[in-house]
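Have a look at these structures, which come just after this line.
There are two complexes below, and they share chain A, which is joined by chain B in the first and by chain C in the second.
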Partner chain A sequence: MAIGTVVQAPASSQVGIQERAGLLILVTLIALPHLWHMPWWVNALAALLIGWQAFGLIAHSPVPARILRAGLTLTVFAAVFMGFGRINGQQAGVALLVLMLALKQSEITGYRDIVVVLCLCCFVLVTQFLFSQSLWMAAYLIAGSWLVLAGFVHAHMPYARASYRQAAAESARMLALALPVAALFFLLFPRLPGPLWGLPAQDGRQATMGLSDQMSPGSMAALARSGAVAFRVRFPGRVPTPAERYWRGPVFWDFNAGTWHNAPTTAKLPTPAIDRASADITSDITLAPTHEHWLIALDLPLQANRRYHRSPAGTLLVDQAIDQRIRYVVRSATRYRLDRRLSRVARQRALALPGHHNPKARALAKHWASEGLSVPAVINRALSMFRTQPFRYTLNPPRTSRDNSVDDFLFSTRAGFCEHFAGAFTFLMRAAGVPARVVTGYQGAEPSAVGNYWIVRNSDAHAWSEVWLAGRGWVRVDPTAAVAPSRIEQGVTGSLADTGDLPFMARGERSNPWFQARLLWDAVNAGWNRWFLAYGPSLQQRLFAQLGLAGFGTAIAILTFGTVGLLGLVSLWLAWRMRPARIDDPVLRAWQRIGKRLAHLGLPRRVGEGPGDYAVRVAAARPDLATAMNSLARQFIALRYGMSAGGDARRLFVAAARHFRPRRRRTHS
Partner chain B sequence: MAGSMVKRHVEAYIRRRTPISVPPLTVSRRRLYILPTASGLLFAVLLIVMVLGATNYGNNLAFALTFWLGAAALVSMHRTHRNLAGASVKQVSATPVFAGQTVQFKLVLSSRARSTRYAVQVSASGSRAMPLPVNITPDGATPVDLTVAAVRRGYQRCPMVRLDTVYPMGLFRAWAQLVPDVSVLIYPHPAGIQAWPTEHTTPGGRSSLSLSGGDEFLAHRLYHSGDSPRRIDWKASARSMSLMVTQHADTADPTHWFDFDALTGLDTEARLSQLALWVVNAANAGHEYGLSLRSQSIGPASGAQHRDTCLKALALH
Partner chain C sequence: MLKPPAQSAPGNASRDMSHAVMAVRRHLAERLYGKDQAIRLALTCLLADGHLLIEDMPGVGKTTLAHSLAQTLGLGFARIQFTSDLLPSDILGVSVFDQRDATFHFRPGPIFTQIVLADEINRASPRTQSALLEAMAERQITVEGITRALARPFCVIATQNPVDHSGTFDLPNSQLDRFLMRIRLGYPPASAERRLLSGDHPGAQALQPVAGPDDLARWQAAVATVVTRDALVDYLLALVARTRDDNAFAAGLSPRAGVALRRAAQAWAFIDGRDHVVPEDVQTVLPAVVDHRIALRDGAGASASSYLLAQVEV
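Then we have the complex of A and B:
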């Protein structure tokens, strides 16, 4: 570095076959989990490159010619560009990184190359977590760090004496010692909210399964096939009854060409008025990333412990899309009055049925309205139609046309999933002159095996309707619940729940050991999500508040002093490991103790000075110690160099040495 | 430029703080220096990029990995420090060489620590050489040769010994400098074109007899190391209870006298070089020779010890 004539390259500048083989294996292991995230052709290309290097190592072939390497580099760039249409961005960037790292193996000639490859390995390691943050990835993090650090250690051992076993041990030791400091950093290092430079475009990344900002026939059924956990929830107080477990998500006002959505151009709706509501249920929710803005919450959410605003339909929204797992607490009311007075704009929008499609459904609703039925009677008429006519609840409904989807569903196919029922019901209500809208979210919750929490899965995704009744406000009507509970076809998903009844899994499979194991594993995952993954800017702020920290300044100060202190302990432990070896011979140890005691008095034993000479010198300097010292030296010489090494004599000498405690000479004597 | 100034000052500071003493010399913690290496800076940049990425994506596993690697790097700094602190140079020895050759200081490194000190590089401070690192095992003594140029005749002190280590991760370099108070004799560079002196003269200018191997028996004298065992007169030795060799007058193998003052027309160093060359040649040929250096005269005699005495006198003249 800057100071001194530091010799730069440590070991040898030549990298041997063994070292290169080790690095090749390391790179392969580190990049392995990317197999699941990369397109097949990237995997094939990487395997080809690595296989080629391995073959080159076995055949002892020299480093490939520069022109070949340049050609391969260009090929890799071209392949990535053609495959992804770009060379940056998450997936393309990672593909490029992995391929270049595989290619780099062929040109490792010196120490510099090894360090670069090892640093790139760290980078590949971190890119894995962009794709998954499961517990398996945590295990992979530990194994990967251990391997990469062992690679570093191995590269810095004397070449001929380098041992993978020792390198692995050293690496494990360092990582263990680093754990407290790392934990301190994890907790106290300032976490800034939000992306710094924006998240990459989702090139090729499979879209996250979850509620969407529109609803068309088939969209909820697709979601219901996924058993992935949407969120986990704890109820610190009362647990909602099954019929109350409606989780509010996006609400749709506008219907167009078979799709329910929120048109962007319509006039702004007022914020809803909520009254006669008492927050009677608190839920502590850990939500998986949705990349959307809504905070899923038990119907009807009143307040949450993070910054939110309320949509015109009462859903809680946050400013930034939820790209990370978050944890929040919501207080909800199961009895409430929502918008007892409906504004003109809202009423218009909740009644709008543009166009003239679905004529049969319109006619049916008009017929009900013309009979002079009250609004509740109209609702009942519609529900009883679902109940009495042969409607089937199914994950695989026949296709309906785009423009006349409601007519097709109501009068010909009569098979659908919750979105068909909710959509058709809302359509009928509007046609009958009753303000109505579609609400999507989740319905149900499944208790965990351990840990006292509840799981809500994608398969619990649900859609229902809200109708506006004078004096009551918006009232939830779930037309799906009108269809018999035996409506599930073929048990395709195994975790399909549709009504206020107990979810299927909770009812049917509780005794199944596999199901039990899955639930147990879910409990582990829940802890992982709740305590590790959900830790972010807002939880950090809460932690600081609980610890009484004023803010980042104090946290950084604690972090600094804590790190210095912990590293001091690490240093002490390392020093203890390097402490001088204990001398086996108690006699010699006793003699050295004598020397140490005399050294404190300014009479250290000189290098190469024999015990006899030392005793003479001590006696000359301190006549008061002469007798004792001479006796000890004589005994020591006899025991150490003489023939008689009797046990008693040794014990006597050790005891005498222990009692030899020379004092500092008093000034007057 | 400023960098090199700083570097010079720091070097001078380290030199001032480095005491000169007789081996064993131990690396004390107070005289152990540590700085990040180029690899260390690269690693730091990597960690910064990783922490920015982790913040951007709000990715907790990325945070965990970054902090863990960073903490491990800090632990490795202490490990590097402890790897060197307490190492010692137990012995330093060297055999004399001629100026212009290289001198090998044979160092013996040792450590009283329970664990091995890995990958310690030993070099002469300031040299550009890149020595192979060695492991200093707890029990054994690790030999290391330090090769430096023998520049001038006379005593040459062992150079400042620099112990370096980047173990375990190569992110930090710890080093210490030790100055063992050990010197080696450097003989004058043997060179010259002057002819071998044929005149057999004693320092006083008197004609003398060659006292060496020949045919005509002259006397007995005490055995010196370097004498040919064949010249030992075992009977005479038995009589006098000490080893005696026979002395013979020999005209074919005369005693040479190498006289400093006789070499006129040359400066002192050239004369010493010439004398050294003669001594080496005479010793190689097995001749008997004497050396006259102003006030000092050595010999005549033969053998390795005599040769070394003569060369030492020349080196220190």
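Then we have the complex of A and C:
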């Protein structure tokens, strides 16, 4: 905070009750959004501390005793350490910061404390971005910076009784002047790949809704109840047809006790072989943080514009879990051949059905196989069973048992969401000797209100199957489509009987104005994500290219650094200019030296105290110094205010002042 | 007020003057018990050739102070009780037609004296008030086109009641600015009141003058020669500038107020027997000179002068 060092402190060191109350409100406002990121006990403790301070202000109670403050400080440290097991790291560190800030309020006595609190407020402001980078938060933080800046302005106003309105206006002016510069630096300052500091691996990670690394009955239905945006996508070229809008996510090979997952195996599956594929759809995806490794992409992804590797089932994976919103471009093929040859290991896993559960389903599939049907015929048999028998597509399927979930679903409940159909279908295929696996991801996309992009929500989460056909490789089969064909054509809304269970935004009531407003807001948010949060080196390069500055990246970097350096020099120069004026009068200098020496003994000259009054006060407090002090004051007054201005008298006084070295020792109490 | 250590030996003449002023003070103190500070401030105002506004409750000795000042210094004294039907001519005087010589003769009003006590000045209409205030500023009056100079020394001592405001016309700031000082007397200390109640007060009997108008004129001339060095002028400037720059004040001090502050500090230093002004002189007279001219924006509690004293570096 350069301001703090440049401008002189106001003369009055007293902090009024109004200032303290204002500061308390400011701190509360700045820390408020952390309410949603902190465990309840941190919030309760902070509320307790702030309430205590507020009560103290109302009751005009004095600054609490040092021992109490020290005790509270230690308590806060201990509480944070016991609660988090550490005192650093994202959440524990922020919790400690907020609590200490709340505690600091109790000992504000002077200008210096105010500056400390305001600096801490700046830091707390920044920590908000560790938890949320939404547009709302940005707006809140701009307002917060305005208030903190107003606090600084108020604290530094030349006189103690500056008005808050004036300070607010002044800081708004400063902010308005600074924002264009900040925007310019944002655009031009060399962007670093990745965030400036490594985010600690989300020690306070909230459970984010999204695809998970396993699928069991009910897991997809749970996801479908969330209207949150999973990702937004633009199609620079051709837009895929509704039937092509399968977004590939994790693929599961292993089935165990009702759950599809990928068991850790020693036998390594080979990387998939893709041929006869030509990328015909490009999608530009902005993916919300998933805290997982897969890059969701239109089936089947061929390549992406960031470092990735491919899972044995063809899903794109990245090395680092996606803890932040990322943007990438994927080229996909809607026609392809995937793994025309199936390795022995893959075939084994794609056929494995360990255990003896679900006997009826096994028997049914064995029966189909024993009829000597071809593989496509077996598939059709299964699909026609879903189509002809009274299967229901619902968000609220009846519960099935853990071990015989497939039997329960196929032969008794006959009601399920996509995971039931995909899981049962895959099970039947394997039991009939057809290699099959479960693919999870999303199906569908909804056009945005403005901005020419598409939204895919959690409610679009979907599961389907892939079966392996000799000569064709892995082929997508979506058994849900057999039961509810409209699921694919019209999305989840048009296909479910019990639409009311869907989240509002997934219901797609396009005529509803509230829905339209929400879509519009989504467009604003998308722009925010696309242009601000994702503004990195590559986007910067593109901006420079568009401005015709493609080749000048280095020059711009030098210019930017130069400007920053120049601004730094200007502030240094301003600070130098605003240093206290040097006093030319040796008499006055000598008098001030006396004041400084006495200040060491706890007798500083007060603001607005005349030399005579000062001498009287010093003499009263230190009778042993009375004679010397009175004599010095008499000489000083005569030299500065009286008519005698002789050179000898001046020299004598300066010499006397130099020899005036009062000791700390007190002769009288 | 803590007195600065006594210093430089004044000349014989000034020492005599200072002794004479001391005699005046002692004389007045015999009449107004326990009011040394108020007496000294009133005397300062008189020596600085300014007008005085006394604001206090009835019966605390406002009139006694004014009257005693006039008697002690042997000055002419007139008292005008301000009422809402008082007319300017009641103060200034009026021309009367004399049938014998068929001409108008000017009958001077009560203002043609040396000390005018304008009692409860805020009870008169603004028109009447302004007639008096004009006389205060110009030290002359013009009636029917003829300008007449007022006596010298000339001092208006106005009083007003700070509490009872019904049927009064508050003096506007521009007119308050014409009073060099406003002082409050306050209730007497217990010991003084005991003396008062035990009946050994001299009562209304006239005080013997201990000085004359010529002495006062000489002292006033001497006050103007009390030295204010650059360092002190800097302090005065800082005080005045602060009232204009600081947002805490609704309005700043006028240049006239700055001059008044210097003059009052000179008079205070003169009474102290010094030939130069020190910051403590300024600080002592500051409340009386400043507080009726300006106020803090949120005037809760603190006065303008106490704020200035605490904020402006000497």
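Annotations
We take it that the second predicted complex is superposed on the first by the 438 of 669 C-alpha atoms of A that agree within 3 Å, B and C clash if a C-alpha of one lies under 4 Å from a C-alpha of the other, contacts with A are read in each partner's own complex, and residues count from 1 in each chain.
Note that a residue touches a chain if its C-beta (ideal position, glycine included) is under 8 Å from a C-beta of that chain, and two chains touch if they have at least 3 such contacts.
Because the structure is a prediction, the values reported are computed rather than measured.
Once the two complexes are laid over each other on the shared chain, residue contacts for A:Gln324 go to chain B alone; chain C is not touched.
By the touch criterion defined above, A:Arg306 reaches neither chain B nor chain C. Applying the stated contact rule after C-alpha superposition, one finds that A:Arg597 touches neither chain B nor chain C. Touch criterion not met for A:Arg518: it reaches neither chain B nor chain C. In the superposition on chain A, contact is made by A:Met174 with chain B only, not with chain C.
Once the two complexes are laid over each other on the shared chain, residue contacts for A:Arg650 go to neither chain B nor chain C.
Touch criterion not met for A:Arg86: it reaches neither chain B nor chain C.
Among chain B and chain C, the chain that touches a larger number of residues in chain A is B. Once chain A of one complex is fitted onto chain A of the other, the partner contacts of A:Arg225 are absent, as it touches neither chain B nor chain C. Where the contact sets of chain A with chain B and with chain C meet, they give residues 11-12, 157-159, 161, 607. Interface residues of chain A facing chain B in the complex, by the touch rule stated above, are 1-12, 115-116, 119, 122-123, 125-126, 129-130, 133, 137-138, 141, 144-145, 149, 152-153, 155-159, 161, 170-171, 174-175, 177-182, 185-186, 189, 191-199, 323-324, 532-533, 535-536, 563, 567, 570-571, 574-575, 577-581, 607.
Residues 11-12, 157-163, 166, 588, 607-613, 615-617, 630, 633-634, 637-638, 640-644 of chain A are the ones touching chain C in the complex. Listing the residues of chain B that touch chain A in their complex gives 3, 6-7, 10-11, 14, 22, 24, 33, 35-39, 42-43, 46, 49-72, 74-76, 78-79, 81-83, 85-86, 112-115, 117-119, 121, 123, 125-135, 138-139, 162, 164, 166-171, 173, 175.
Those residues of chain C whose C-beta lies close enough to touch chain A in the complex are 2-5, 7-8, 227, 229, 231-232, 242, 245-248, 275-280, 283, 296-298, 307-314.
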